[in-house]
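Next, two complexes with chain A in common: one pairs it with chain B, the other with chain C.
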Partner chain A sequence: MKTSRKSKIQIGLLLLPGLLVFGIFTIYPILKLFIMSFFEWDFGSMLSHRFIGLENYKEVLGDEYFRTVFINSLVYTLVTVPGQMLAGFLVALLLNQITRFKVGYRVLYYLPVITSWVVASLIFKYVFNTEGLLNYFLMNIVHITSANVRWLDTRWGGMTVAMLLGIWKGIGWNMVVFLAALQTVPTDLYEAAAIDGATAWDKMWNVTIPSIRGTILFALVMLTIGGFNVFTSIKMITGGEPGHQTDVILTWMYHKAFSTGKFGYAAALSFITTVVLAILAVIQFKLMQQKDQ
Partner chain B sequence: MKRKTWIQILLHIILIAGLIIVVLPMVYMISTSLKPNGALYEYPPRFLPALDEVTLENYKYVLGQGKFYRNFLNSMCVSVASVLIAAAIASALGYVIARFDFPGKNFLFGFIVLTMIVPGLTLIVPQYELAVKLRVINSLVGLVPFYAAWTIPYSTFMIKGFVEGIPRELDEATYMDGGSVFTVFGRIIIPLAKPGIASVSIFNFLTAWEEFPWANTVLNDNLKRTMPIAISGFFGEHQFTQWGYVFALSVFSLLPILIVFICCQKFFVAGLTSGSVKG
Partner chain C sequence: MMKVKKNKKLLAILLTTVMSLAALTGCGESPVESETGSESQVSATAEAPAATESASQEEVTINFWHHYSAQSAENETLMNVLIPEFEKENPGIKVNAVSHEWADLHQKILISAQSNTLPDVARLDSAWVPEFEKMGILTALDEEMSDFNDVSGGLLESAMSTAKVDGHFYGLALNTNTKILFYNVQAFKDAGIEAPKTMDEFVDAAKKLAGTNANGQQVWGYDEPALAGWNLCPFIWSMGGSITNEEETKASGYINSPETVKAIETLAELYQAGAITGWNAGDIPMTDGFGTGRYMMLLEGPWKVAEMQGSYPDFEYATTEMPAGDAGSISVLGGEDIAMFNSANKDAAWKFMKFMTSEFAEEEMAKCGQIPVNKEALESDTVKAADYAPFLEAIKTAKSRPTVACWSEMDSELSVAVTDVMNGKKTAQEAMDKLAERFDELLAE
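Our next item is the complex of A and B:
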């Protein structure tokens, strides 16, 4: 179809609002982030800032806190991503086998996903309180511990609570995504495998997993981004305490920007994070394409 | 009984065991919100309140505060406005990208996918600077364009997929009848892509409704707060948190989401899975 003048104008008008919103609220901040990262740019003195080259980057990378928060984010991602994928996949497998109450289970398992991060974090904070329900259960009911565990007062205690929350909240999403994938696996493949005398375990590794590889990688990419994006749960549960030991990249960046006012430092940190994530995503996408061929 | 029946029963037992762990925290939230406030720091802690001490005093307290209605209304207005703007813009973008060629199209689409990957919060510093420039600090209106901008990339990506599933013959027929690009958009694309637009809109509503960091950074006036900020505000001093109030308010904030979720279950699942199963 040849595009007439009138059509061109209408196409342009349909694109315009989107381009405007992108331009102002996405492209401008991305460019500004990059620029700010080369400046000494303090909150409060928005108008006076000084070009300092790579100083912010040097400060970020030389910072002992950066190592701590980077490791925290990395551990959080490495634990919660496989954790919720495995749990969600297992639930999907079971749901795929049962004949009744499928919808009921699906709705209930999905509840944590639609619970807001603020609410979920507060529930976990309350449950893991030193005098809270979980410690009471561990010490006085099942007698695993002899004293109250100070979950929220140590680095790995706090991180454990945040990671448990991350897994708990993610199971439902993985369940839905994997359940949809399982339903696309052709049943004749299973029948063929059964004729060959394959065990359930063989079918899992040689039929199910290869058939849903695309979905596994899709989930991996989305959840890795989500893992590095963790913010609200850490902020609400530990607030980075004790002494920034439980801060992750984004809570540390936020602290630097809005508590100490160092916008330039925060911008450099954000930019590094974005680049790391973009590289990770590209690697994972490449992997996905390779496996497709 | 047959072996198959036993296997079914076993599967249900495992599923129920998992479900108990998943649902327990939610039940504890509700049970705590029904306890009298004095019982919240009791030791030993109990999972459920005694039957005769179940009380609605926490709910009454929360509702008795005038600011509750303001916070609820604030969240509702901001979320609905963001969802509508995002739906309109993303439908237009999705339609044009799916159907027409124009200079820079691949760049635009690549950029949209890229912004889906970048975590939104990494831009909070320059966005704050932008909000200062636009004079929308401490303003509810200021939240809307940011929420819309965050949700548009994913929405566009999904809606483009839905539009590609609509047969082009319908477009051609409309052009034959003298229709324009706008006519096709209004009469063909919007009505037929409605399920897709609905499913992304549900997600966008959830995103805007529960958004915490940006609203917490930009709003500082009590009456302008949205629900997540109001909840976290109840929870000031660590030692003296009134958990009953916190959880009563939490239950109120979950209600709209629960209603939307239960009413639109099929859209929810469709929106989640259409991007993931390809390939």
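Our next item is the complex of A and C:
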């Protein structure tokens, strides 16, 4: 069917508000960022920017801090994404089975998701402080340790606390997503599998997982992006200490742009992150498609 | 019938579009703008100011950004005493004061400089002045204001030096401060020692006071809440070291000199002996640690007096000067300057700056713990009655941190390097040698 001119105008007008918002708040900043990343854009040159080609990119990639923060972000993503997906999936499986208090449990598991990141981070910091709740519990109540453990004061100690927070906070979202997916799996598939003599394990691998693959992919992509975008928890819990050892990509970018005024560096760093994320998303899609065939 | 329906649809679409556009323009207006700002500002911020100008012809509003905490006595004085008095003395000028957090203010100014929405006047941490000067957003007061010398002559020279970059003045000193040693009187009595006068005594005291208290909790002899220049400079300078040469052009041979390295080593040894702490993410906050007897000594500024009064009014502490090393007792000079931006309404802004540094305003602020820089205010009864004497004494020998544009970055690198030394990853010599190279690069830029 041919689209008449009139309805073309209509479609255009309908799309216009959305496109405008998308263009002004998404496309324009990305383009501007891309342009900024080729300029010397910092104190002293804020009013007249000098084109320096790939210098910012060279500086980022040659920077030892960049390696540290990139590895931190990568580890954070590699740990928290499978962690919260697995935990969320297990909770969803359990909640899918029970018949009583369904709503109550769902609310309980979802509560961390609606808690503010700042509040949750401060509570985690309070628990894991050198003078915090956990050390008090270990030392004075169960008497396992004889001195306070400095949980937050090393690179991997601080990162672990932030990752625990990430997983704890992510379980609820994964639960909701997987629960919705589980409820779409037709029950006759399970009945047919039961007739063929499938065990619960077989059903899980051959019926449940293949049926919700789309949801798994969706969660994987969203959470990977989320993992690389972690900011609040790190900023609040360790603030990047000791000596930027626990900084992640975003907290480092923030530090470079707004504490030292290196906007060009920060723009190049953002752009590199965007490219890495895009590549990761493509790989994830490809992997899931291969399984399909 | 059909046609009517279609037209209605079109109308609905158009309405949606218009409404969303209207919503978008709402976002475009910046929250703070100079209502009679310079041309660049007016053109950048659309037509809003025009309405105000025509309504009251003579009236100008100047925006003043500061980092007096919103709940503080300083802010009360500013809003309820100083600004009303200024507006009474200068009819036709209104002051719109906005309070920011210290770190936010720095970022806000960076961002506003990008979008041409700077205020007229701001109270700046004196360490920021060189940075903003290099950005080209501050007004050189000695060039543009004919009565500059009369005004600056009434203010302390040491404090005014923080506003001087490359031979020109980009602000007026507003208030000054420095750090002195606060100590827990009871703990010193119990240990049978006197307040430390020299660096050796300080090291001994820190070690002696550390350990465990009656409740089995760990206590530390001294607390340092961070490892930046503000924290390290008093130790480096007092022990004869320095960050850069006098001209602030070179760091090799200064930041890695034997004296500087010795200062860092001294602190690292104390940390490894469990005698000092405070900069780790998991440590007890400074005021609480001091007030509850977990940290026995601090180096802090005049605001600590009010903080302790508020949080731990019954806690018994005393103060003494920064322990003297080979080079004497040299603390770090803090304080704020008041400066105007190039986009300001300069006449009104200058009037306000002169008012804020006047004897009256400085004396009012002195009542809330701000040490004045106005020479007449320093002689006033308020200042004499206040317990500033130890700070005023320390200011005579205190030095300011390097006034270079790349100081923020140097400061950040310094704390990373010293953190590595503290954690035993590098020796002080290694870390400082590497830092010297980096500083030289930054200073050469």
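Heads up, the rule we're going with is that the second predicted complex is superposed on the first by the 249 of 293 C-alpha atoms of A that agree within 3 Å, B and C clash if a C-alpha of one lies under 4 Å from a C-alpha of the other, contacts with A are read in each partner's own complex, and residues count from 1 in each chain.
Note that in this section contacts are C-beta pairs under 8 Å (C-beta built on N, C-alpha and C of every residue); 3 or more make two chains touch, one makes a residue touch a chain.
All figures in this text were calculated on a predicted structure; none of them were measured in a lab.
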{"item": "Which of chain B and chain C A:Glu131 touches, first, second, both or neither", "value": "both"}
{"item": "First, second, both or neither for A:Val81, with chain B first and chain C second", "value": "neither"}
{"item": "Chain B versus chain C as contact partner of A:Thr260, first or second or both or neither", "value": "second"}
{"item": "Partner chain(s) touched by A:Asp153 [first = chain B, second = chain C, both, neither]", "value": "second"}
{"item": "First, second, both or neither for A:Ala181, with chain B first and chain C second", "value": "first"}
{"item": "Which superposed partner A:Ala92 touches (first chain B, second chain C, both, neither)", "value": "neither"}
{"item": "Partner chain(s) touched by A:Leu14 [first = chain B, second = chain C, both, neither]", "value": "both"}
{"item": "Residues of chain A touched, compared between chain B and chain C (which is higher)", "value": "B"}
{"item": "Which superposed partner A:Thr238 touches (first chain B, second chain C, both, neither)", "value": "second"}
{"item": "Intersection of the chain A residues that touch chain B with those that touch chain C", "value": "10, 14, 17, 21, 24, 46, 131-132, 258, 263"}
{"item": "Residues on chain B engaged by chain A in the complex (per definition of touch)", "value": "7-8, 11-12, 14-15, 18-19, 22-23, 25-26, 28-29, 32, 41, 43-45, 47, 88-90, 92-93, 95-96, 100, 102, 108, 111, 114-115, 117-130, 132, 145-146, 148-149, 152, 156, 172, 175, 180-182, 185, 206, 209-210, 212-213, 217, 228, 231-232, 235, 243, 246-247, 250, 253-254, 257-258, 261-262, 265, 268-269, 272-273, 275-279"}
{"item": "Residues on chain A engaged by chain B in the complex (per definition of touch)", "value": "1, 3, 6-7, 10-11, 14-15, 17-19, 21-22, 24-26, 28-30, 32-33, 36, 46, 87, 90-91, 94-95, 97-101, 103, 105-112, 114-120, 122-124, 126-127, 131-133, 136, 140, 168, 171-173, 176-177, 180-181, 184, 214-215, 218-219, 221, 225, 228-229, 231-232, 235-236, 250, 253-254, 257-258, 263, 266-267, 270-271, 273-274, 277-278, 281, 288, 292"}
{"item": "Residue numbers on chain A that touch chain C, as the complex places them", "value": "10, 13-14, 16-17, 20-21, 24, 43-44, 46-47, 125, 128-132, 147-148, 150-153, 158, 237-239, 241-244, 246, 255, 258-263"}
{"item": "Interface residues, chain C side, partner chain A - complex", "value": "9-10, 13-14, 16-17, 20-21, 24, 106-107, 110-111, 113-114, 131, 134-137, 218, 279-284, 405-406, 408-409, 412, 415-417, 419-420, 422-423"}
